[in-house]
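I'd like to ask some things about the structure below.
When the chains are written out, they are named A, B, C, D and E in that same order, and each has its own residue count from 1.
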Amino acid sequence: MLTQAEWYVLLLSLKVSLVAVLITLPVAYALAWLIARRTFPGRTLLDAAIHLPLVLPPVVTGWLLLLLLGRGGPVGGWLDRALGLTLVFHWTGAALAAAVMALPLMVRAMRLSIEAVDRRLVDAARTLGANPWRAFLTITLPLSAPGIAAGAMLGFARSLGEFGATITFAANIEGQTRTLPLAIYTGLQLPGGEAAVARLAIISIVLSLGALIVSEWLVRRSQGTRAHVL
Amino acid sequence: MLTQAEWYVLLLSLKVSLVAVLITLPVAYALAWLIARRTFPGRTLLDAAIHLPLVLPPVVTGWLLLLLLGRGGPVGGWLDRALGLTLVFHWTGAALAAAVMALPLMVRAMRLSIEAVDRRLVDAARTLGANPWRAFLTITLPLSAPGIAAGAMLGFARSLGEFGATITFAANIEGQTRTLPLAIYTGLQLPGGEAAVARLAIISIVLSLGALIVSEWLVRRSQGTRAHVL
Amino acid sequence: MSFDLDCVVRPGAAPIIARFASEARLTALVGPSGVGKTSVLNAIAGILAPVEGRIAVAGQVLFDSEAGVNLPPEARGAGYVFQDARLFPHQRVHANLVYGERLARNAGWIGRDEVIELLGVGHLLDRWPATLSGGEARRVAIGRALLAAPRFLLLDEPLSSLDAEKAERLAALIERIRDEIAVPILLVSHAAEEVERLAGQVVTLG
Amino acid sequence: MSFDLDCVVRPGAAPIIARFASEARLTALVGPSGVGKTSVLNAIAGILAPVEGRIAVAGQVLFDSEAGVNLPPEARGAGYVFQDARLFPHQRVHANLVYGERLARNAGWIGRDEVIELLGVGHLLDRWPATLSGGEARRVAIGRALLAAPRFLLLDEPLSSLDAEKAERLAALIERIRDEIAVPILLVSHAAEEVERLAGQVVTLG
Amino acid sequence: PEPPAGPTVLAASSMQEALEGIARDWEAEGQAAPVLSFGATSAIARQIESGAPADIVVTADREWMDWLEERDLLAGEPRAFASNTLVVVAPADPAGVVPVPMSLREFAQDPDGGRIALAETGSVPAGRYARAALQSMGLWDVLEPRVVPAESVRAALAFVERGEVPLGIVYATDAQASDGVRVIERVDPSLHPRILYYRAQVAASRDNEAQAFADYLVSDAARRRVASYGFGSP
């Protein structure tokens, strides 16, 4: 059904998107919690900074990543020298670009769910002997699961579709950074590439449909979670 | 401070994004409600279809819009003949592209909030004489306001940043469809265009920061809304 | 017949059989915790559909599985004071109080000012429900139900969490509604003296 | 001294002054609805910080604005039965019951099986809180507080919404805890006979 | 598949097909296949500037090459290895929405004749060449308000293929490859600067084969290959 090259692109896309979502999940949740539950100077600024990759054209985000994380950049140079980690032209760079683009979506969904958690339940946990950290782990975190699920799903979908930042930062290298959207773009550049583009687009669609079904199923399995207290 | 051309781009971007969010809000909310509260055959498929613009590269979305809504397309041809409405090369087309790209983000946020509304409150409203429609308007709708606000904010930010679908569907016409991201992209293509790009990027950032502050302020004004029932 | 029930409700796995007819103006529904009192009230109010059977209140059939009758909650005219207060968290106390009054088709049988006065909630009108004490929330919930001009009342432990004085005042109000306005009342209560004082008939569930 | 309070709490605009010392094993806190009973309990439990003053329970200072003492709730050892049940909606009844037991540093003074038996919640262990009746939820909340091995108990109307038989059983349990285990108890109740039966000292607020 | 092990080539998207053909020839000669990455010329140049581990750069015009040269990022002179021309195209499907003119001049004289799709005339090379040609023909002032600036040549081509505009100006190579358009006019190459594709070796290149592949790109074999896709000689 799929050619070997298509399989390869598909697997790479999955790898990049999964890694992007997994590295972003804890970061996004921590940011969401900070913004939802704490007031501190610069809170709105932090919120705005998180939204930046949404507001800027993806190509600009990719360019900023390149300035910062390219081997000539301040962070990228250090990564390169200290850890031998090169992000540009590497699938980890594609994952990073996808993660940055997915971050604002994930933070928003999680924040919405954290804000909906009844603080009186946290109080109850505290009186029962839970320290703040434990109350967070046993009450706030599980009760905000719908937001985590929604955020993960949004982030995964966004990562699957990420194009502009990836091609600018990580380039378009077969086997490393040519994910589905880049392969589709590459196909669109070829005269008569429409058939290949259509095939790849259908793969994208099927993939996201599959992810959606899995995530809905996971959410429904933990339905008890969402029922309201008497 | 800003050149006249920059002012123009800024105002156009604002117009396009605001219109995109305003036309998408009711549609997104209706879809979110359907998915959150109803079970019907094809529910998951509808959900997947809404996510498509997130998963497909923006350029492909723009291309599909062109196929469908271009003057030669089935819907676009009808719009053109019946209503004299041409979307391609027109700012309404840019707004439509932005709306399509913003839709999945808005639906997800709204759905999360609708699912968090306690149905027992709707029951209470019904016993007090509210028909389903009225109970929806007075209970479900206002209680899901945090999701509406978050969705509107996400959608607005996404619209401000939308590039790929817009340039593919509506092209890059000054005064009609050259929004901030397109202007930024154009600048980036030129050697030495960095200064112009930086100015425009800062405008984008300030704009989204402003929108964020306004939306946070609106949400905080209606804070009573989010307090929990005893 | 004020309340005439012969139905089966099933909120969980176990069926609850409600079969009673009461001529009394005020009927008390008693029974141990978890026996199904709240479920029966929910069925009468129309927010929990019985598996089968028939529910009639004040001569009007609200539900009849055989005849295919199932009035929606808003057409039943129940004045339901829930066991939990269920105030609308996004509306201030005043808006909560008048929610049903605004929707009522017929004129109410009790005035807004009178309700506010009798329940002693006048100083709370501008407050959000989340800031109310337990007893305050309960009183607002009672006021909200009364102001909806209901054709009958369903009271699920209305006097619990009220101090003696306020409970007395409310009991007197219930008596007045029972005797003067002749609205059929179904009262769930665990307090024996309350039941004794108010009820014309006692139905024991389970 | 079991409870020794001299503090001001301010949940809303109006300050609530709590100034009492009680030697009794069980102290009843009474007063009209809205006077501030729940707020005082919240202050003792550590989830509502007093504006100023001092709170000591069983000889231990929990809060002292002058000395800068303010123990976090988890270090106070309160067994708090809230006025609303506040069960954790995402945990089944069993997990709710043992939530505090798992965290307790010292061995509890009552066993899990005994609590389940006495409160009659054995058949509910696998249920979600949202499916419980009012009285069932209250009983689970009581069990959850008892199992946390608390150093003192704060009971906010624990017997409301329980039927006579279960209320009696629970009152007997409270008596036993009071007499045998000598855990200081602060009880909020509107029922005169309950207060009379259980309390060694009655504090009237407001 | 085996990951390619040859030199890393960053190239303008418009050269994709031709470069892939050259790479296949090169591989068939027993060499390690080059790693190809396609994108906008601007993105490629910036990737090199930020220290990306690339060996060879291929651009669709001279400007970005100069930009790289100014920054001492190149090793040796950039050399042109292919050329292109512009054509005026119209939708192949006569049932298009707009009436198709016979020539560019006729189109310019009819103010209701619709719009013309070009690549963005300020930033995309194809658009700049097209503008220069129109200026030489004296048509730019008339046509400027009617221009639809597209993201790239391919996007301009798509507008014509879909019948959204009656005319477009694109590269001859693109028109040749598309079934959706027909050429109604060729643009005289003397009306605009020559359209040349350059290749250069990157200064930071560490691949041993890079020099060899850079040489191969300007060889006769490569010239024959690019010609098969419609490109001309430099």
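The rule is simple: a residue touches a chain if its C-beta (ideal position, glycine included) is under 8 Å from a C-beta of that chain, and two chains touch if they have at least 3 such contacts.
Just so we're clear, the structure is a prediction, and the values are computed from it rather than from any experiment.
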**Fill in**
Separation of subunit A from subunit E in touching-chain steps, minimised, is 1
**Asked** Among all the other chains, which ones are in touch with both subunit D and subunit E?
**Response** A
**Fill in**
Output for shared partners of subunit B and subunit E reads A
**Prompt:** Are the two sides of the subunit C and subunit D contact the same residues or different ones, given that same means over half of the numbers occur on both copies?
**Reply:** same
**Message:** By mean C-alpha position, what chain is farthest away from subunit B?
**Reply:** D
**Request:** Taking each chain's centre as the mean of its C-alpha atoms, give the chain farthest from subunit A.
**Result:** C
**Request:** Please state which pair of chains has more C-beta contact pairs than any other pair.
**Result:** A-B
**Request:** Indicate the whole-number Å distance between the mean C-alpha point of subunit C and the mean C-alpha point of subunit E.
**Result:** 78
**Message:** How many angstrom lie between the centres of subunit C and subunit D, each centre taken as the mean Cα position?
**Reply:** 29
**Message:** Just the number, please: Cα centre separation of subunit A and subunit D in whole Å.
**Reply:** 44
**Item:** Between subunit A and subunit C, centroid-to-centroid distance (C-alpha), Å
**Value:** 50
**Fill in**
Residue numbers in subunit B touching two or more further chains are 59, 63, 120, 185, 188, 228, 230
**Fill in**
Within subunit C, the set of residues that touch 2 or more other chains is 84, 131-134
**Complete:** Note: subunit E residues in touch with at least two other chains are 40
**Message:** Applying that definition of touch, give me each pair of chains that meets it.
**Reply:** A-B, A-D, A-E, B-C, B-E, C-D
**Asked** Which of the residues in subunit B end up touching subunit A in this complex?
**Response** 44-45, 47-48, 51-60, 63, 104-105, 108-109, 111-113, 115-116, 118-120, 146-147, 150, 153-154, 157-158, 160-161, 163-164, 180-182, 184-185, 188, 197, 201, 204-205, 207-209, 212-213, 216, 226, 228
**Fill in**
Residue set of subunit A touching subunit D in the complex reads 120-121, 123-132, 134, 138-139, 142-143, 145, 224-225, 227-230
**Item:** Residues of subunit C touching subunit D in the complex
**Value:** 11-12, 30-34, 37-38, 83-84, 131-136, 139, 156-157, 160-167, 190, 192
**Asked** What residues on subunit C touch subunit B, complex-wise?
**Response** 45-47, 72-74, 76-80, 82, 84-90, 92, 99-100, 103-105, 128-134, 137, 144-145, 148
**Request:** Would you mind writing out the residues of subunit B in touch with subunit E in their complex?
**Result:** 59, 63, 66-67, 70-73, 77, 80, 88-89, 167-168, 171-173, 185-193
